[in-house]
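The structure is given below, and queries will be raised subsequently.
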Amino acid sequence: MKNTLRYYGKYPDEYGHYGEFGGKFAPEILIPALDELEQSFHENYSSEKFQAELINLYGDYAGRPTPLYFCERLSEKFGCKVYFKREDLVHGGAHKLNNTLGQALLATKMKKDRLIAETGAGQHGFATAIAGAKFGLTTEIFMGHKDVMRQKHNVYRMKLLGAKVIPVYSGDQTLKDAINEALRDWISNIHHTHYLIGSVVGPHPYPLIVREFQRVIGKEIKEQIMTKEGRLPDVILACIGGGSNAMGTFYEFIENDSTALIGIEAEGEGIATGKHGASLFAGTKGILHGALTYILQDEYGQIQESHSISAGLDYPGVGPEHVLLKEIGRLKVVAATDKEALEAIDLCCKTEGIIPALEPAHAIAHAAKISAEYDKDDIMVITLSGSGSKDLDILKQHMRLEE
Amino acid sequence: MSKIEQKFIELEKKNEKALIPFITLGDPSPEFSLKIVRTLVDSGADIIELGIPFSDPIADGPTIQASSMRSLANGMTPDLAFNLVKEIRGFTNIPLVFLTYYNIVFQRGVNRFFHDCSECGIDGVIIPDLPVEEAALALEASRKTNVDLIFIVTPATSESRLSKILQVARGFVYVVSLFGVTGARKKLSEITLETLKKIKPYTKGKIPVSVGFGISKPEHVKELILAGADGAIVGSAIIDILAKNLKHEKVVIEKIGKYVQIMKKMTIRHW
Amino acid sequence: MKNTLRYYGKYPDEYGHYGEFGGKFAPEILIPALDELEQSFHENYSSEKFQAELINLYGDYAGRPTPLYFCERLSEKFGCKVYFKREDLVHGGAHKLNNTLGQALLATKMKKDRLIAETGAGQHGFATAIAGAKFGLTTEIFMGHKDVMRQKHNVYRMKLLGAKVIPVYSGDQTLKDAINEALRDWISNIHHTHYLIGSVVGPHPYPLIVREFQRVIGKEIKEQIMTKEGRLPDVILACIGGGSNAMGTFYEFIENDSTALIGIEAEGEGIATGKHGASLFAGTKGILHGALTYILQDEYGQIQESHSISAGLDYPGVGPEHVLLKEIGRLKVVAATDKEALEAIDLCCKTEGIIPALEPAHAIAHAAKISAEYDKDDIMVITLSGSGSKDLDILKQHMRLEE
Amino acid sequence: MSKIEQKFIELEKKNEKALIPFITLGDPSPEFSLKIVRTLVDSGADIIELGIPFSDPIADGPTIQASSMRSLANGMTPDLAFNLVKEIRGFTNIPLVFLTYYNIVFQRGVNRFFHDCSECGIDGVIIPDLPVEEAALALEASRKTNVDLIFIVTPATSESRLSKILQVARGFVYVVSLFGVTGARKKLSEITLETLKKIKPYTKGKIPVSVGFGISKPEHVKELILAGADGAIVGSAIIDILAKNLKHEKVVIEKIGKYVQIMKKMTIRHW
């Protein structure tokens, strides 16, 4: 792991590459917009004024810092010290807002008055709608028609906030088609529109921008654990969909080799069934949505549909920096099945009184699996990226509770 | 000089410009698309752009995306595409250009892809999601195989980028006609004509310029050529005809044939 | 208002009276349990250990302090400085947890291993289920059968957390019947059961206990506004159902006469229609659920059904201390209709990107009404007692959004 | 000495204890409940407890709550209750006791309520949600009108509370038999008997003690009296009979009559 000791400052390079991954595999027409975004991001992000505004938004609006909560009863069960990073308490119920607030603020600096975003289950769309309403920006959310039909709740929430939800009828009518459509809209409306990507995916500079806006998670964990325990955690776990909560969690610890980093992907119904969303764990190198990364594809390079009970992990790609971290041996990548995630929800609800979202339930599931490897004084941190409120309809279908 | 560039010179001599129709290979079936290609050739196409379908064609509009989906649903693969090109080469010698997304190229292996192109008689490749910064591998393969890597230029491309692109571009420069994705439109935008004027000084005498995205009417072609374009690329308009008459092979063939003839006429400087 | 200058320490008196209100109108069998509770509360609440545990729970578990958020765009609309106290960000989505955590902690000190609670729409039941799970206590929630049927979502959440939900078939099968039934259960299981009342209602010492556990709201507001503005607010608004979020908000300001306090009740379909929940605004003196207070009743003293679009304000009684505060002229009591609350939700969503619960939407509605009375530099604080996530089904019925 | 206390003394002289049935006035209708009261009197009731229904009877179990709801649904009011008592006084002179919740008393005005009781011939009032600490007003009204305010004592009542209660209690002390609300139970709990034993020393010679809540079987009465009770209060068991036969007036009257006779027998010390 010696090669991670001098990680910071090296990635991405000036072309947006993380080692051989990432990049800017985008239509020519987007390149100037991506360049403008990159430049504007660097200018603003390094300015004190922007930072002050961001800190203010994170604090008073989003509810940061979120607690690092010591799980008393879960710790007893696991036989080590378990902490949850409580992103479920962020306004909107998930870490997604850290990013949408940051990008919306950036959009106002770029004098764009319209936000567009893709969404799968609606979590990122909701977070974008929040940010759009807060800043008074026109907001339009692209959402596969299938997702619109099965996520009526979130569609309603976005509309309530004044966002327009545009159903996408092309392709599989799910997340990746929504991204395709959002990219197309952006191509057509590039002057006054900011495309607000929801995870550390897409062409450069998105993986960088989203990582930076999510880094606050790891920064807070570091400070909080030092205050509470006086030392860094032995292991940190986070689920990986596109990878934003994980990247935000892990980044601050990359050069701290004593802390193991574990990313958990969606194993769906099992890797062998082909019905999963584990692009990093079980995918192969390829280009999707503007970046060279790991993806789920067939032998010819056609993108395959992913499968997961958790909408947020149901994506056939993954952030390029995760691939780099995995390849240099700094990040361990594993997967948990739908069933394991459901069991983890049950455990977490009954032991800690917290209903986790299905996404971080995958991380809790893995934590349960490896808990025996840790001792009483070992410290395990799990990023609870969101609240399960959004998942009740799905849980109802899968977890029948007695009358 | 590549076969594509020679074609433009030949046409220039005849006081013509290039008409470049686009279709997706395998839409709606390999056999049918082969017949369409034959029709394009017979109707006067100068160069043909053949799409290898990709599941997530972000730079394309609904028409071409739907075409890709039909093609994939009917079993189209890159392997089949290469075979079809071999068959096409049985009846025509005009320049053929592949249009596909980078992941299709990447999965085959960039070198292998270009090698196979060259083997089966493809003269150029357009990869809409491969900007010049990421194109090193593809450029190298292109050089080695003499299969042109054709680049796209847009109204938003800065002059410095333009010169970077022109340094490596081969075959022709593909000018995207407006802010948007492919799809047939009623009127050509001002911006298209302005863009043409803007880049002409840089390309003149060096590389031909073709304009695509949104060209559907004979007037469009006329306007473009007046503004200095060397070629007109027509995609969605042709696929629209196909999509509307999927079940009627004869009708498709007839209509596409007539349409291409009319469009081709506009490239001949008799007006 | 001079008589409020020396308010603190006077209420309640040793019998649990707030002036002539409050008291302990409970069946004899409950008196020893109420006495035990009172004693245990005083012992524990004044102990440093308990306070430390409580602060820890509020911080790392509940997510306190909640922000005092300056509403930039709403302030522009209202023409004065508007702040939201963000109780919507508390774990569980409402202020209710402040109280349930406090009482559950107290229950463990009293060596009770079972919690019972009543719930109407389910918000307090959910908050109790959270606290019960967190402390590993058996938790049973009484809920009118009608409410069980129309609040399936919340019923599911409680069950997910391991609580048992007991449908009540007696009476109107709504909140007050659930309270009746919970009291009966308590009578039968007094030794090992703590009855966790959800608002500043019920027999002494409940109004006191719940007020104390909710006081954190006002304490934080005071500190936060001093930091942000260097002075106290000109007016503070909070909705009143039972009155816990309002009491928690107002208490710290009672002796600060320069700060106007306004409580907003549910006017439902209008006072004149009789379909409302405005017990303090339009009710009369009477005894309900163990306290002398203001209630909705007929000429003979039969309790009348209340009506409100917001389940949390749909209660025919109110906390006795509110009555005192109103009678001594310290608290202004007003009401807002269902329709006004819905409009306030729309306003708040689109202007600030926050979906408020229907309850605090009543407070926002009143704030809108009086905003013209305030100047640019005047400070208005509104307690946003909860998030609207819980209300989406009801909103869907009443606010049709275009496709 | 109040009429109620005199009743206990009279019974004592006959070697009897008091059987105190309870019904809700107006359940299921004013007329019907009047007939039931007559039956209770005719079957040997010594004192009768008459409920004025309250919408939220927190100290009662499902049986009596349902009874209250039926009564309210059929238009019962406190005014009507006072009128009914006047009618009852037309055919019996035995002590009558109201049971109602404090809000009913409070809304009428505490003084007016007691005054009206005294006017129409009520001898005592039980208010289950009015503990001694809150009872000052009611006690004053009780003293003024000579209508006994009857207090409840439970297994959990401490000795200090007990003495506070005994200082003001009139008529009889109502011992709640177990941890719980009213409702017919199969077996009397140990705790009831213990409670009786615990409080007997304090009340002996001062005030009679009646036990209620959960008494349904003749054996219960026997046990209680052996343990020292002066009266047995039977509520839910009677209302159960009513509730099961609501549509059959005759059946109700017959069954309640027989039941009360059997229960009354157990209060007569012939065993």
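To keep things simple, chains are lettered A, B, C and D as they appear, and every chain counts its residues starting from 1.
The definition used in the following text is that a residue touches a chain if its C-beta (ideal position, glycine included) is under 8 Å from a C-beta of that chain, and two chains touch if they have at least 3 such contacts.
All values reported here derive from a predicted model rather than from experimental measurement.
Chains making contact with subunit A as well as with subunit D: C.
Centre-to-centre separation between subunit A and subunit B, using Cα means, comes to 38 Å. The centroid of the Cα atoms in subunit B and the matching centroid in subunit D are 98 Å apart. Remark: subunit B and subunit C have CA centroids separated by 67 Å (rounded to whole angstrom).
A linear topology is adopted by the chain contact network, the touching chains following one after another without closure. Each chain pair that touches appears in this list: A-B, A-C, C-D. By the touch rule above, subunit A contacts subunit C in their complex via residues 59-61, 63, 66-70, 73, 86, 88-89, 91, 93, 129-134, 136, 153, 156-157, 159-162, 345-346, 349-355, 388-389, 392, 395-396, 399, 401-402. Listing the residues of subunit C that touch subunit D in their complex gives 15, 23-29, 31-33, 170-171, 176-177, 179-180, 183-184, 187-191, 285-290, 292, 295, 297, 299-303.
On the side of subunit B, the complex with subunit A involves touching residues 54-62, 65-66, 69, 72, 77-79, 101-108, 128-131, 133-134, 151-154, 156-158, 161, 176, 179-181.
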